[in-house]
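Please go over the structures that come below.
Next come two complexes built around chain A: one with chain B, the other with chain C.
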Partner chain A sequence: MKSQTSGLRLYLSLVVACLRGQLQYQASFVMMALGQFLVTGLEFAAIAALFYRFGSVHGWQLRQVAFLYGVVGSGYALAEGLCRGFDQFSAIIRRGDFDRLLLRPRSTILQVAAFEVQLMRIGRFLQAAFVLAWALMHLQPDASTLIVAAAMVTGTMCTFCGLFVLQATLTFFTIETPEIVNVVTYGGVETASFPLSIYPGWLRFTFTWLVPLASTAYLPARLLFKAHGPILHILILPGCGLLFLLASILIWRFGERRYTSTGS
Partner chain B sequence: MTSQIEVNNLAKSFRVAKRTSGVFGALGSIFRREYQNRVALSNVSFAIEAGELVGYIGPNGAGKSTTVKILSGILVPDSGTVRALGMCPWKQRTQYVQRIGVVFGQRTQMWWDLPVIDSFHLLRDIYSVPDAQFRRRCGELTDQMNLGAFLNTPVRQLSLGERMRCDLAAALLHSPEVLFLDEPTIGLDAVSKLALRQLVKSLNVEHGVTVILTTHDMDDIEALCSRVIVIGDGEILSDGPLTELRNSIARERWLTVELEGDQMFSPPANTTIMRREGNQVWLRYDPVITPTPLLISAIAATNNVRDLLVQEPPIEEIIAHIYQNGQP
Partner chain C sequence: MTPVSAVRPYLTLLVARCRQETQYRAAALFGMATQLFWGLVRIAIFTAFLKAGANRSSMSLPQTVTYLWLVQGMIRAMPWSVDAEIRNLVREGTVVYELLRPIDLYFSWYMRAFARHAIPTIMRAIPLFVAAVLLFHMQMPPTVSAGALFVTGVVLALLLAAAISTLINISLLFTISGDGIQRILPAIANFASGLLIPLSFLPSALRRVLRILPFCSLIDTPARFYLGQIGTPEAASMFAQTLIWILALSWFGRFLILRASKRMVVQGG
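So, the complex of A and B:
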């Protein structure tokens, strides 16, 4: 029995291949990354300005909101960088590239995830990471806070990956991706960057029970700042992001079976 | 005794959304869509033995690519069974595609911006080919297909002929037992076509790879295939050796007569003049009713003949006849 190249190794070689392709256009990459950094940086500057004017929102200080913003922003940038292929999936289907992926003895999830990796997303990631680091510095973190922060970023990343997978899964049924999904993704980034308590009930419901962004960002942050709950309890919450991703993958598998039986 | 590939009673139809024209039609179709059923395959059965080189031909829209997609495991039929390499292609997709190779003439499976060799390395990882085996295989294929000169060239800079050779090599790195070629010679110049045919032939003869070839180029079929399956309107119209196909449709021969000067020419009994241009006359006849030697001596006796040429009708004629009439 031939041993299989591990999924992680394959993902990495596919990603490296994709990046090498992109680095052929170096100037373009630098400009795009810088652009992302500046645009999102400006956005945060606007938030900071408002806080200097009004002090706090629902009892949350600027540095605490910055913490949320950093977690959500870097989680989102990671997800966008690592599985952009799902975002582009309707194009992959239309060009017939998906058939080619099906002809290979590997899971389609892995291949689509590595289909297009956008290095320029590093601009947004760095910006969010800077904000997060700045927030953490002011909060004088201990080791457990750092662990929680890392878990929150990972959980948020998983949730956004799950959203991308779900968005792509819709393509199996409609070929054209409804823009409505972008409302959840982009809306999710904006919403989850602020304390959830400022929003109306239906919005809180959506991002707590349907898309678990609250569990990966707002709720653990609140426990961390306000309740100082035991770290293990806080750590369970970001795990919801992982569950959400796993559920999305199951739905993807279902969609894929349907797609191959209806054909294009 | 089971064949390497057994296809039984395949049927597949697609639901195609009817488009209504105009802005209001497009708006309306968001809420209410009408669907049309288009039958791609109605009842397709055949069996292919290991080591065969089979041509699979038919007019556009006959169901060729649907069959290839089902046989390569990326499409599930409505009904019918396929047993290939002892597996059901769409149920055991990942195991199955590990042992087949597919080349699309229209699309490359390599990475556009990367050197050819990088694509080969990625395919090594995708198919989990052990490193030693990969190096041997890659060397063999590079020699055989003469790829050495452009292994380090990005795929987008290759000519179509070079790219096809690389694509063929790429599909063979994992030593597949069955190879599907979908219009591999489309758009190639004469030299590249000949080179590609020779490669496919030697793969089949020397390595015993089963090859299933779809094409519109009848020269491909004549040069390569011992057996031809003709499909039309989702059904198999004919299946057998090329010579049989030829005989079944028409035992007809063509005779070109070149006359000395612009003289009168009256056709002998049981022959018909297809056309005449200056001093050249094209006749068609049935060699069983009018044996060729008798016909030639009859013409030579009554005309002043400079040259004679007997031909079988080109394969295109035969195929076109089948496409039009549905039956051989």
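So, the complex of A and C:
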């Protein structure tokens, strides 16, 4: 237990060092964050334009889809900010840098996670958080709604962190990360931003049972919109995201034991 | 110097870059699988909207599905990123070697950019369209002339994409990191090209503005040719508009590169 808290402290100090480094280039940071904000902001504008023309989709109004979009977008931005190292893991493997991480007496998970923390992801996070706040205002939230929303964002974040860890675990065997992996990460963001009921069965199955984005976003949102009584029991659903992350870490440990270096 | 010998180095460069791009066949195959997945997700989303209000749609469902497949096929024509090789040239200062060569830097970069867009687009789009037509309800163009207009539109789209890409690459000479324009321009291009939403689904005032900008020629215009929504006389004026943008952006890029090479400070020792 003691080594784990010191590991977390190390992670935090690495993160802070990384952030301070990026803040040295202020103009660059501002432009990149703005760029991120604009990219996803225009994506949301396209969704809003669809609602402007068609009114609703499967009984969902713009505000309700905006809620889903905000949860998934901010969860993804947090995961990308905190676990970017896993996303770039193939570069770490190819350069043989992973060998160095193995030499250090700390968890490789934390070291890879702290490898690069991208501050510019704040642009994407803020955009999604604005959309989420706008959607929540309409729902006239009470304290328990806010708790559920926070749990949904956390659960979604854990799910995407788990996906990044799995993607990196694959790299132990394949060295390169195949582009097709983006299908579950970027594709997950896109898919889970809309009510799952609009998709064909194979897509619903993938994002319910293989990747638990349905239980961190769509299902609790549906219950939330229908709820008339106490709603805190919904919290069980986003918890699946945490389980998914824990399972991914176990698979990572398995992959790590089979790692052979590419270095010379 | 005869005109032929003046053009030859650029053509040689183009052929060499194209050959290099065709090496990534496995990547193209995986990329096609990714595009198939995206296409199916996007089609599910748009189908749900269209079923909610078919009378409010500007396109029928089969047309929309076809449009969405065209988007997936044209995705590599989008000017999304700087050329990593050029970024390294600028960062490491080896860009001076480029200036030493007795050829025009703008056109040599333009040829690189053209190959980088054209070859992956062709390698992915053709198998993707075959699969989409056979399996996933993509329509063929209604007439031969619609198909011919589409092919012309795609060629112009690739020429335009190369001009925009080269401009983004040139911005490296001014900012080194290229972080700003490199992210903002693609964001605008995604929305204004029809990649995120067919332009005909947008409110008409916005649509009119976007159809003046160059980006609509990347996806929306060729897609409308393909669907047979535009007659030949109207198409001629749209080709002219695209050509004017290509020439204007190329002229601007060449102007910037000449200016940059006069005041260039080379990094590194």
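Heads up, the rule we're going with is that the second predicted complex is superposed on the first by the 249 of 264 C-alpha atoms of A that agree within 3 Å, B and C clash if a C-alpha of one lies under 4 Å from a C-alpha of the other, contacts with A are read in each partner's own complex, and residues count from 1 in each chain.
As a convention for this text, a residue touches a chain if its C-beta (ideal position, glycine included) is under 8 Å from a C-beta of that chain, and two chains touch if they have at least 3 such contacts.
A quick note: this is a predicted structure, and the numbers were derived from the prediction, not measured.
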Could you look at A:A46 and tell me whether it touches chain B, chain C, both or neither (first, second, both, neither)?
second
In the overlay, answer first, second, both or neither for which of chain B and chain C A:R104 touches.
first
Looking only at chain A, is it chain B or chain C that touches more of its residues?
C
Look at A:R9 in the shared chain and tell me whether it touches chain B only, chain C only, both, or neither; answer first, second, both or neither.
first
Touching chain A in the complex, chain C uses residues 27, 30-31, 33-34, 37-38, 40-42, 44-50, 52-53, 56-57, 177, 179-180, 182-184, 186-188, 190-191, 196-197, 201-203
List the residues on chain A that touch chain C in their complex, please.
25, 28, 31-32, 34-36, 38-39, 41-43, 45-46, 49-50, 52-58, 178-180, 182-183, 187, 190-191, 194, 198-200, 203
Which residues of chain B touch chain A in their complex?
12, 14-15, 66, 69, 72-76, 90, 93-95, 97-98, 102, 107, 109, 111-114, 118, 121-122, 125-128, 130
Taking the complex as given, what residues does chain A use to touch chain B?
2-5, 9-10, 13-14, 17, 20-22, 24, 96, 99-100, 102-107, 260-263
